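Just below sit the structures, each encoded as structure tokens.
First chain A sits with chain B, and in the next complex the same chain sits with chain C.
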Partner chain A sequence: MAETTTMQVELKKLNRYKRLKKTIPYWLILPSLLFVVGVLWYSVLYGIGMSFFRIDLALPDNPFVGLENYFNLLVEERFIHSFQRSLIFVAGSVGLGFVLSFAFAHGLYKVKTFAGSFRGLALVPYLVSGVATAIMFRFLFSRTVGFVNQFLVTLGLERIEFLGEANWAMLVIILANTWFIVPFSTLILLGGMQALDPDLFEVALVEGASKLTILFRIIIPLIKPMIGISMIWLTFASFNMFDVVLPLTAGGPGRATEVLALYMYRLGFDFLRFSDGAVVMTIILLLNIITSVFYLRVFKSEV
Partner chain B sequence: MKLGRDRLYWIPLVILVVWTIFPLLWGVSSSFKTYADIYRVPPSIIPPDPEIRAYQVVLTSRGFSTYVFNSTFLALTSSFIAVACSIFAAYGFARFKFRLSTALFLLILIPRIIPRASLIIPLFQMWASVGLLDSYPALIVSYTATAIPFNTMVLTGFFRGVPPALEDAASIDGATLWQRIRYIMIPMSIPAIITVSVMSLREAWNEFPFVLALTTSTRMRTLPYQLFMLRDAMGIEDWPVVLAFTVLTIAPILGFYIIFQKRVTSGLVSGAIK
Partner chain C sequence: MKKLLLVFLVVAFLLPATLAGAQTTVTVWFGRQEFIPADEFVTFHAENPDIRVEFDVIPLEESHVDFMRNHAVGIAPDIVQIFHEFTATMVIRGTLLDISEYIEAWAEEDPEDFADIYDIAFTLTTYEDGIYGINIHSAPYYMGYRKDWLAEAGLEEPQTWEELLDACRILQEEVLTGDQFAYAQPGGAHHPPFWMTATFMSMGGQFRDTGTPIIDSEAGIALIEFYQTLANEGLQDPESHAWASGDFRGAFMGERAAFFPEAINIFAYTQDVLDYATEWEVMVQPPREGAEDDFVVNTFGWPYMVNSDTEDSEAVMKVLRYLFDPEIVSDVALRYQPANRASVLTSEAYYEAHPYFPILEEAHGQQVPYPVHLRSVERADILNEMKFVAQQVPAQYTPEEIAARYQDLLDALD
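Moving on, here comes the complex of A and B:
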């Protein structure tokens, strides 16, 4: 008798549990959802919304102006300039970044001696802050105290105003940015290579394939999706790069390194043109979506 | 046997080592140089006359302890909240089948690709409208929110790989949901939890655009913000001091990383390719 009651109690518990179980996952997810929706989604949507209004602290109300802000900004000389500088910056960073991360990943994949230490070292820049990266590169390329210039002088060459000339400054921010973003794309590519079946290479070697053939005919085609993802990462990180550029050149000399993210910050916080800043934000987001769709198409897995 | 041919593979690794270490090494070494030795040509990687003056200047400078406190406090609280929330969310996604599961999962994951710098204008407006600019809550909530998508993704993936048999057995024995998470899932997922914790700490410790946009007073500054301001604050740059400051901001997170390196890298490799 006593046993049946406990059984019934247990069954009841189980039934109640089953009913509760339906709502449990929602409760579990709720806190995360509140943070993500409340902060990230809200500010993205709010920002996109802002771009359709004229928000001016001098005006009593903020009228809806549709796409007017876009039309005005897209023809503004400073926007076009900043967009061009961004394209150079992104192209340089993605080009150099991809070559380096592929070479690093391939080396890390092939060399087994101290593999763990090398892999650990490769990730170090990922942990350094963007501001610290900027400061270190500003120091390396400084006119007077920079290693590069001191080295040039030691060789009997002239000092170069790396941060005082438009093209050199662009090169320096590309180098600093690449240093900062390469670790993660190395990791993506290495992950792709490590997922390959090593037997494939054995077979290819037996068949007499050279190492270059293996690289170009087996490894690269097989990790194509990973190549795409690493390029998306490099492009994203560069298009949106702010932390490394502001403390390194502050957009200078002149406006030579004023990339889009920096221009957006200037619009919002220096000129208080919030709606125009929001327009640039929306454009940056659109560019991100376009580039990722593009890469995903190009590097679609053929398997 | 193929050592001769394998030597080729070492070339990228040598470049990797030099490329990665040199900027850091040059910075660290110069932070121990005297003010005059910084200008010396030819440059030497070993300080000719090493001194710790720069570190003394930084450590005793006004406000330094405040910046250390702010950075530490913000990183610890936001990471703790973000990891805790993500553990629950990931458990929900990994162990329950429910109607909106995919939609909600995407709702949490997609913002991972939103660049944080791009959010500063609407975020500024948002925190201004609730009167919380220049406050810890604004920063903690913003940091937590940006950490959750990545954490949830990594943890959900990991939790799905943990065999559910243990939890089934435990729930038959009457274990509550909380007990199953606390005594089974969390202990089974320590590597993944370490990975997301280190990543959240790194993100918050190094964060720059939010703290730049959302704070105005000196007492709210974090280490990266102050490092950025050092440039304006000093007429002539005392480079050893700037570099000592840089080294001090990098050291803690690098120390953390060295302790947990193996777990973090393997966790990241699996996280990166998802």
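Moving on, here comes the complex of A and C:
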């Protein structure tokens, strides 16, 4: 009897230990969670709260105005224009960015000699600051002294006003943004590819599958969740992109490249209309949430 | 032993606090590294052992916003250097201290020293009836031009904006080749329109009491026509509407432009690249033909403003007066921006450092500030867009249409 009781006690201890062991990961992520909630979510929630007040430094008071800021801004011609420019910018960046990052990831996956060095090199653009990227692209595409125009002149072609003409300027900021955000996306896709079992490819080859069949029938379906995460990254990095656009075109020529993140900055830190800037921040946040949910559903794992 | 240790700990904790209590700390935010006195307040600390100055550099582009944000939570510096155009907003938010009484006391206490100071030192920081800071450094936009190229074309220095445009046409046709253009100016979307408003003011442009420029006027239409002419007649780089300040300065210094509207601090660098008086020369921006009486010399300043919550305004005034001391300010003026002190600007050392200053000296004493506006950045934003539209090739609207459209937008800010 006494033996049974001792065993029960030991068993209870063991169960308690197992339960405690299960909670260890949660305790370990708690500091990061607290940090994210405290720093990031506090700012986001505070920002959303600000959007319901009229906080304009040119006015003395900050009254509660409910949704008035939203109604006013959503019909503003400049906001609509900025929203449209953002959609073009994001679509261009995500489209080009995904094609490039998939191609780079596949290339890096295939490379065996000096693989580590090549993977390291592929990350370099991501390690360069946004401002440096902008300055580099400004030098590349300047009309008079830019490398691209010098090359065109050497070929006997006319110079192009890349930064002075609306559509060209949009293309330049898409290229600069893509250059900046592709490395991280490449890394995500490469991670997905490296997790695949190489036996699958061998079996497929034995069965007579072509390389394209392997790509479209094996690789892409199996790394769908990674494609989703990569698309989320490319999209939200583009919607939030500010530090490349400001020093590169500053939203110009005219307002041709004034994307939402830049307009948000202008409202908040130039015009000192903090609550209007908070409205744009909330809209960008909503856009990011909607597109993320969309990607997660579309690129859900089928395996 | 325990008692001794206790006494030691009490003394160790209280002594620094007591010493610190005897010393006032004045914090200063400079807008640019170059404005910091060369001695970094060493002399000041020796003369005022009871005051400790701590300083930092917060770029002018963001200092007003950072200051107001910090002011809201009680941690703003005692003195902040800003672009003068933000004075109105900062006063309205109750963040600045009216220091009129201290300025009056200064004038009474040391009339000789006070007489050496240009009026613009205080008029630029005046809003409604209060003086909220001291404008130690300010500078009008003048004009640099290629003397040798004008001589090559047989041209004299232009006396009006119309003559300047004619000179540009002749230079473009007869002297300049390839990537060289007659006129250079910045045009970026996020750039302050200082260069444009300087031209507007020299053309006789007027402002409403609120600080809104009256574009729908003869001067405003002349300004729009000027930009339309530059763009449509190919007198400037086709991409200049996307240029930042560095681009147009580089164009002049890189021998790709004949005229560039600039200030003394940039002329200081220009003389390192081009030979002054042989290759290039300076002039005051000219008046508009028929509007000579309305001509004014514009100015933009970077005044030091005083925090409304400052605990020791006497100490703050001592720091400001130190920054404006002839010896201290002379060092900044020689290497960077001109100071609003006659004795500094008329010294041999200044003439030597800035050999072009005698040409500008008279105008420098007549500075009229670019008016402040409660929504100064939005005003700038509208003016930038107006200039961008004016520079479209081919012209899409008449100058009158552009003036009317943008006047409405500007008036809506009031």
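Of note:
Everything below uses one rule, namely that the second predicted complex is superposed on the first by the 261 of 303 C-alpha atoms of A that agree within 3 Å, B and C clash if a C-alpha of one lies under 4 Å from a C-alpha of the other, contacts with A are read in each partner's own complex, and residues count from 1 in each chain.
By our rule, a contact is a pair of C-beta atoms (placed from the backbone, for glycine too) under 8 Å apart; a residue touches a chain by one contact, two chains touch by 3 or more.
Since the model is a prediction, treat every value here as computed from it, not as a measurement.
Clashing of chain B with chain C is the outcome of superposition onto chain A.
Shared-chain residue A:Thr144: touches chain B and chain C both. Judged by the touch definition given at the top, the superposed model places A:Ile174 against neither chain B nor chain C.
In the superposed pair of complexes, A:Ile29 makes contact with chain B only, with no contact to chain C.
After overlaying the two complexes on the shared chain, residue contacts for A:Leu73 are found with neither chain B nor chain C.
In the superposed model, A:Leu246 makes contact with both chain B and chain C.
Touch criterion met: A:Leu57 reaches chain C, while chain B stays clear of it. In the superposed three-chain model, the partner touching more residues of chain A is B, compared with the other of chain B and chain C. By the touch criterion defined above, A:Glu258 lies against chain C but remains apart from chain B after alignment on the C-alpha atoms of chain A. When the shared chain is aligned, chain B and chain C each come close enough to touch A:Phe269.
Overlap of the chain B and chain C interfaces on chain A: residues 142, 144, 246, 269. Residue ranges of chain A in contact with chain B, taken from their complex: 21-22, 24-29, 31-33, 35-44, 46-47, 50, 100, 103-104, 106-108, 110-111, 116, 118-133, 135-137, 139-140, 142, 144-145, 147, 150-151, 153-154, 179, 184, 187-188, 190-192, 194-195, 211, 226, 229, 236, 239-243, 246-247, 261, 264-265, 268-269, 274, 277-278, 281, 284-285, 288, 292. Residues 62, 65, 68, 89, 92-94, 179, 187-191, 237-242, 244, 247, 251, 256, 374-375, 377-378, 381, 385, 388-389 of chain C touch chain A in their complex.
By the touch criterion stated above, chain A contacts chain C in their complex at residues 57-60, 142-144, 161, 163-164, 169, 246, 249-255, 258, 266, 269-272. Listing the residues of chain B that touch chain A in their complex gives 5-6, 8-13, 15-17, 19-21, 23-24, 26-27, 30, 38-43, 82, 84-86, 88-89, 91-93, 95-96, 98, 100-101, 104, 107-108, 111, 113-126, 141-142, 144-146, 148-149, 152, 177, 202, 205-209, 213, 224-225, 227-228, 231, 239, 242-243, 246, 249-250, 253-254, 257-258, 261-262, 264-265, 268-270, 272-273.
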